[in-house]
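The following blocks contain the structures, represented as structure tokens.
Two complexes follow with subunit A in common, the first pairing it with subunit B and the second with subunit C.
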Partner chain A sequence: MVLGNYKSVISARAADAEILKRSQDGGIVTQLFAYALEEGIIDGAIVAGPGDEPWKPEPVVATTRAELLAARGTRYTISPNMMLIKEATRSYGLDKVGIVGTPCQMQALRKAQLYPMAMRKVPDKIALAIGIFCMENFPYQGLEAIVEDHCNVKMESADKMDIGKGKFSVYTERGAISQIPLKATHKYEQPGCHVCLDYVANLADVSTGSVGSPDGWSTVFVRTKNGENVWSKAIDAGYFETKDIASVKPGLDLVTKLATDKIDKNKKSVEARATFGVNKGLRNPYI
Partner chain B sequence: MSKVVEVSPTTRHEGHTKLVLKVNDEGIIERGDWLSLTPVRGIEKLAIGKSMHQAPKISSRVCGICPIAHTLAGIEAMEGSIGCEIPDDAYLLRIILQCANRLSSHALHNILSLPDMYLPGTDTHINPFTSEEPVRSVALRIQRLREIGQTVGEIVGGEPIRPSNPRIGGMYKNITPRAKSKLFDLAKEGSELAREHMEFMITVFKDWENRQTASVASGYEVEKNDKFGFHDQGYMAVDPLYASSNLDAEPMWFPERWTEVRPWDWYMGEQEITLDDPNYPNHATTPAGNKAWPQMEACTAVPMYDGQPIEVGPRARLAKFRNYDKKGAMGLQIARQMEYPDCLYSMIEAIDAIDTSGSVIADEIPQGDGSLGWAANEAPRGTDVHLAKVKDGRVQWYSLLVPTTWNFPVCSRALEGAPWQLAEVIVRAYDPCVSCATHMMVVDEEKKVVAQKLIQ
Partner chain C sequence: MEEPAPEPVVKAPAEKPAEKPKDVEIHQTLDGDKKEEKPVANKITVGHVHMSGCTGCLVSLADNYEGLFKILDDYADLVYCLTLADVRHIPEMDVALVEGSVCLQDETSVREIKETRERAKVVVALGGCAAYGNITRFCRGGQWNQPQHESYVPIGDLIDVDVVIPSCPPGAESIRNVCVMAYLLLQGTDEQKELAAAYLKPLMDLAKRGTEACGCDLMYDVINQGLCMGCGTCAASCPVRAITMEYGRPAIDRDMCIKCGACYAQCPRSFFNFDVINQFEGIMEAIDGAMGKGGE
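What follows is the complex of A and B.
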């Protein structure tokens, strides 16, 4: 169960070349939201838009294709997307809200739907939740240290950042590539990520990430009835190119392996909290 | 030989009150005291020293039916003290919020009043919970009206109960064009429903007025009097819809005309209950032999305007600004219904006027020098005056004169001449909001008033 419940899993990428131009992988999130927006499945989506500092995301309620496109690409730092979940139904006047987020943000969303504490009118307005795979995240200063000190790249010059194959890579606008082993980044990880037991956004309608599929493609889990409905319509309408996950390398085996690694490792840190002190422990949110 | 009967608690209004009634042999009220028993929470005292941003958010917790009135009056009293002018678009958002609150509050009150009323032309009391027509569609219409009010409040105010959007200097957020068109649709739908609903409600109240006998809820019928719920206390209102504050070019409320006395000076002294009625609807009245002491038990202060208690609320607004002259409990009920259309048309006008890209926060928010500011918001139940002194961003002094506080002594006078069994009908006509009304007052174990002087 490390991959959660799902109806189908597939390797896919957006059919829209403009979306793919600056997407992190297969452009799944941008394309699916763009489709849902065009079709009226959602009337806006909470995405990680550009912030005031380079590579610092700022959650925004995107109600146009242009705003969705501006949010393409992974920013390896915190973007508190759930911050806008209530406001989207208030001054933005949305009735059908889309939201993208990491596994923890999908958990927050589902919790808000089931236990809406000061979340009046939010539960029934969630129309599409897209989750992205997440191994861990960094605070902004951590990311700055990794990029500027370890990779020796000015944040402003970075064109794309990527974690894969055991490395943290920064690509610059002028074509240089700077890579460091992932090991060097561990101390910058956000400590809260060490108790997270979800890798592939188990609670989303549709979750997607790079692992398992070739470069430029994404692995997509279609999980809920709602997700399946939107996804199959988008496929029928020709918004995505797809490949059978069994036919691509490295495929689901790698996803399963990484998910298992993450959960096993973090389970240990959850357990260690119980005996952290002498005759006392630290809180465990799962019990 | 007069007797004393006590209805405690009263029902179908907000908060906790009782009626102590001195009646003659025919059961006609000679002197009635309607008083709050709601525990005092002392918002005004605990606000002292807090920031001017926080105090109005606390005072919005006074009441969950009209939190918008307290938020806006509180914020505008602070703005009045520091001398902060808000941008036009923020003002428009506040107007929409005000209308939304009035809409949902009046509709809610219909549910509370209807069980006393009859289906016009019949002897059947209206039970809003029945699944039978025509009441069912009335109940659904009330629900939809409230939903519209609450949704509009949610969009412009951030939240219909304890609005989060208003702040010192304006609002946190303007609305988006999408939200604006959503508001429009809701207000348009609401204005049609409200017109239908107003007509229905006025028919119901007029029917009640024309009856010779009536009962409370499903109780037994007694004969009514001609001047049911009349009083001679006069009216106070500052605006047909919104508010007035000390920053206005021509303020409509005058702090120097306001005085406040203790319940001691206004209510009856200790009484022994000598009349009881085990068949009074919902629960019996207080058994004979018990004691009541309105002077001591009342939890509100008694505010006066020109040395007299004064009526506030829908009728006061219509009387002041629209030459409305219908007296009595049904006059008040009908005035309330007449506010529906105005509330929705004002909402539509304000939505129309709003610039969704306009600024909603003042460029400069002064920190205050301790001068007195006040704002009088026309809450659903009447004039809600907040007074404040802010210095260096902190509240130095804060006072709330809430609609039902004004109405308590007026309504007590209006009880005179009515059969005691119908006293609650008069009380309900005021749409009392007792947790709103309950004022700062300190009573120690021996029931001695400790803080006799309420304001320094």
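What follows is the complex of A and C.
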């Protein structure tokens, strides 16, 4: 169950070279939304667009391919994508909403669909929810401290950031690479991440991340009927290159291991909350 | 000189015919006949009780469009609702959907909320006013022509409430879901009863949690508790846009907040019941099925 319910899992990358040019991994998110937009499966998608400070994402409702492309790449800081979920069905007038988000945002989405207390007309208008794997996230100032203090790179000169193989890496526009052990970043993690019990976006229609697949490729879980429907059409239409997950290294074993590690560690911190004080504990959202 | 106005002529009404005139035809559809004689057997009874509310909660129920008709056809008889039907006094009900708060200085209101509790198996605080006081929290009397009508309390301060549906207004779909789940709870198979109980549990827990709500809940019970992860759902839920996201955390304009309770209830870190939400696909299909939608 650490990987959630899924119908199939595969290693894939976008067929579109322009998308791949600046995508974080296999460009799955951007390519699948671009396809869904072209086909009328969605009429817009909430993505993490460019914000007013370097590497600070701002949620936007993208209704064009150009806007989707502008949101490519991972920003390792909070992008409150759910804040537009109702507005997308109001002033933007969308009937078929796409949304990308971390596992916690997919949880928020499904809760809003099942318990839509203040979400009138939202439940039926969600057409495609793409989840991205997530081990942890950082507040903006935490990311700044990691990049500027620890990695010694100015935020505005960073071209790409990546977490992988136990390191936080920053690539600059001029080709330098600065890496620090992930250990040094732990204290900057968003505290709310420490009670998070989902690594691979179990509640998305389709979820994707880098772990398990080679560089430039993504691991993709196809989870719901809706997800399967959209994904298989996109494959048939030639929008993705795929490889059997069993044939790639490091493959599903590593995904399973990391998911198990995350969930075990965070379960412990959820439990520790119950006896955090003296005869008093902290709140547990799961009971 | 003006002429005096003519005396009005008063005519005695003609005597009413004791019998229906022979030339009046009455058309009755077979369907209508059937319905009267053979109502669907195991429907539950639902009432809408209007306390100090604005009827927006009832409009939200109606906002299910044909879904409401489906509910009334197959699952529930509306046995009381002053806005829609001519039943004058609160009857026995399986489910009472109560909207509005209670004015302590209005005897009728106080009596009616007590009667509601006595006569309903399940009391639902429908909407922010019934659940948390909402805008009536700001009442302080001093207006014509009942300047003494100054104290308003959420219904949970006077009676035990079983289920709350926060927000102002509560989403149409949430009322629909609660009605369908209440039906399954009272009339379903064992398996359906179990699902309905699990679905309703967090809304029952919210009822036990208390009758105060505010944007501040996000501070007290989410951020201060180390649980916020910056998803932005609270900002989307707020009906008055009192919440903005700043550096990944909600910032609450507390003078704009009307105390509806939506933000906290909708936050995925207030309650998150995996047992139900993990089954989102099946449950949404089941609800669609019950509503006669569903099917690809």
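One rule holds for everything that comes next: the second predicted complex is superposed on the first by the 287 of 287 C-alpha atoms of A that agree within 3 Å, B and C clash if a C-alpha of one lies under 4 Å from a C-alpha of the other, contacts with A are read in each partner's own complex, and residues count from 1 in each chain.
Following the convention adopted for this analysis, a contact is a pair of C-beta atoms (placed from the backbone, for glycine too) under 8 Å apart; a residue touches a chain by one contact, two chains touch by 3 or more.
Just so you know, these numbers come straight off a predicted model, no measurement behind them.
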Query: Who contacts more of subunit A, subunit B or subunit C?
result: C
- prompt: Is A:Val195 contacted by the first partner subunit B, the second partner subunit C, both or neither?
  reply: second
- request: Return first, second, both or neither, reflecting whether A:Asp43 touches subunit B, subunit C, both chains, or no partner chain.
  value: first
Message: Contacts for A:Gln141 in the overlay, against subunit B (first) and subunit C (second): which applies, first, second, both or neither?
response: second
Query: When the two structures are overlaid on chain A, which partner does A:Thr63 contact: first (subunit B), second (subunit C), both, or neither?
result: first
Message: For A:Thr208 in the superposed arrangement: first (subunit B), second (subunit C), both or neither?
response: neither
Query: After superposition on the shared chain, which partner residues are touched by A:Glu87: those of subunit B (first), subunit C (second), both, or neither?
result: both
Query: Touching A:Arg120 in the superposition: subunit B (first), subunit C (second), both, neither?
result: both
Message: Residues of subunit A that sit at the subunit B interface in one complex and at the subunit C interface in the other, please.
response: 87, 120-121
Query: Residues of subunit A touching subunit C in their complex?
result: 5, 59, 77-78, 80-87, 101, 104-105, 107-108, 110-124, 137, 139-141, 190-197, 202-203, 224-225, 282-283, 285-286
Query: Residues of subunit C touching subunit A in their complex?
result: 60, 63, 165-167, 169-174, 177, 199, 202-203, 221, 225-233, 235-239, 245, 247-248, 260, 262-263, 265-274, 276-278, 280-281, 283-284
Touch list for subunit A against partner subunit B, complex: 43-44, 63, 87, 89-95, 120-121
Field: Residues of subunit B touching subunit A in the complex
entry: 151, 154-156, 158-161, 165, 173-176, 178-183
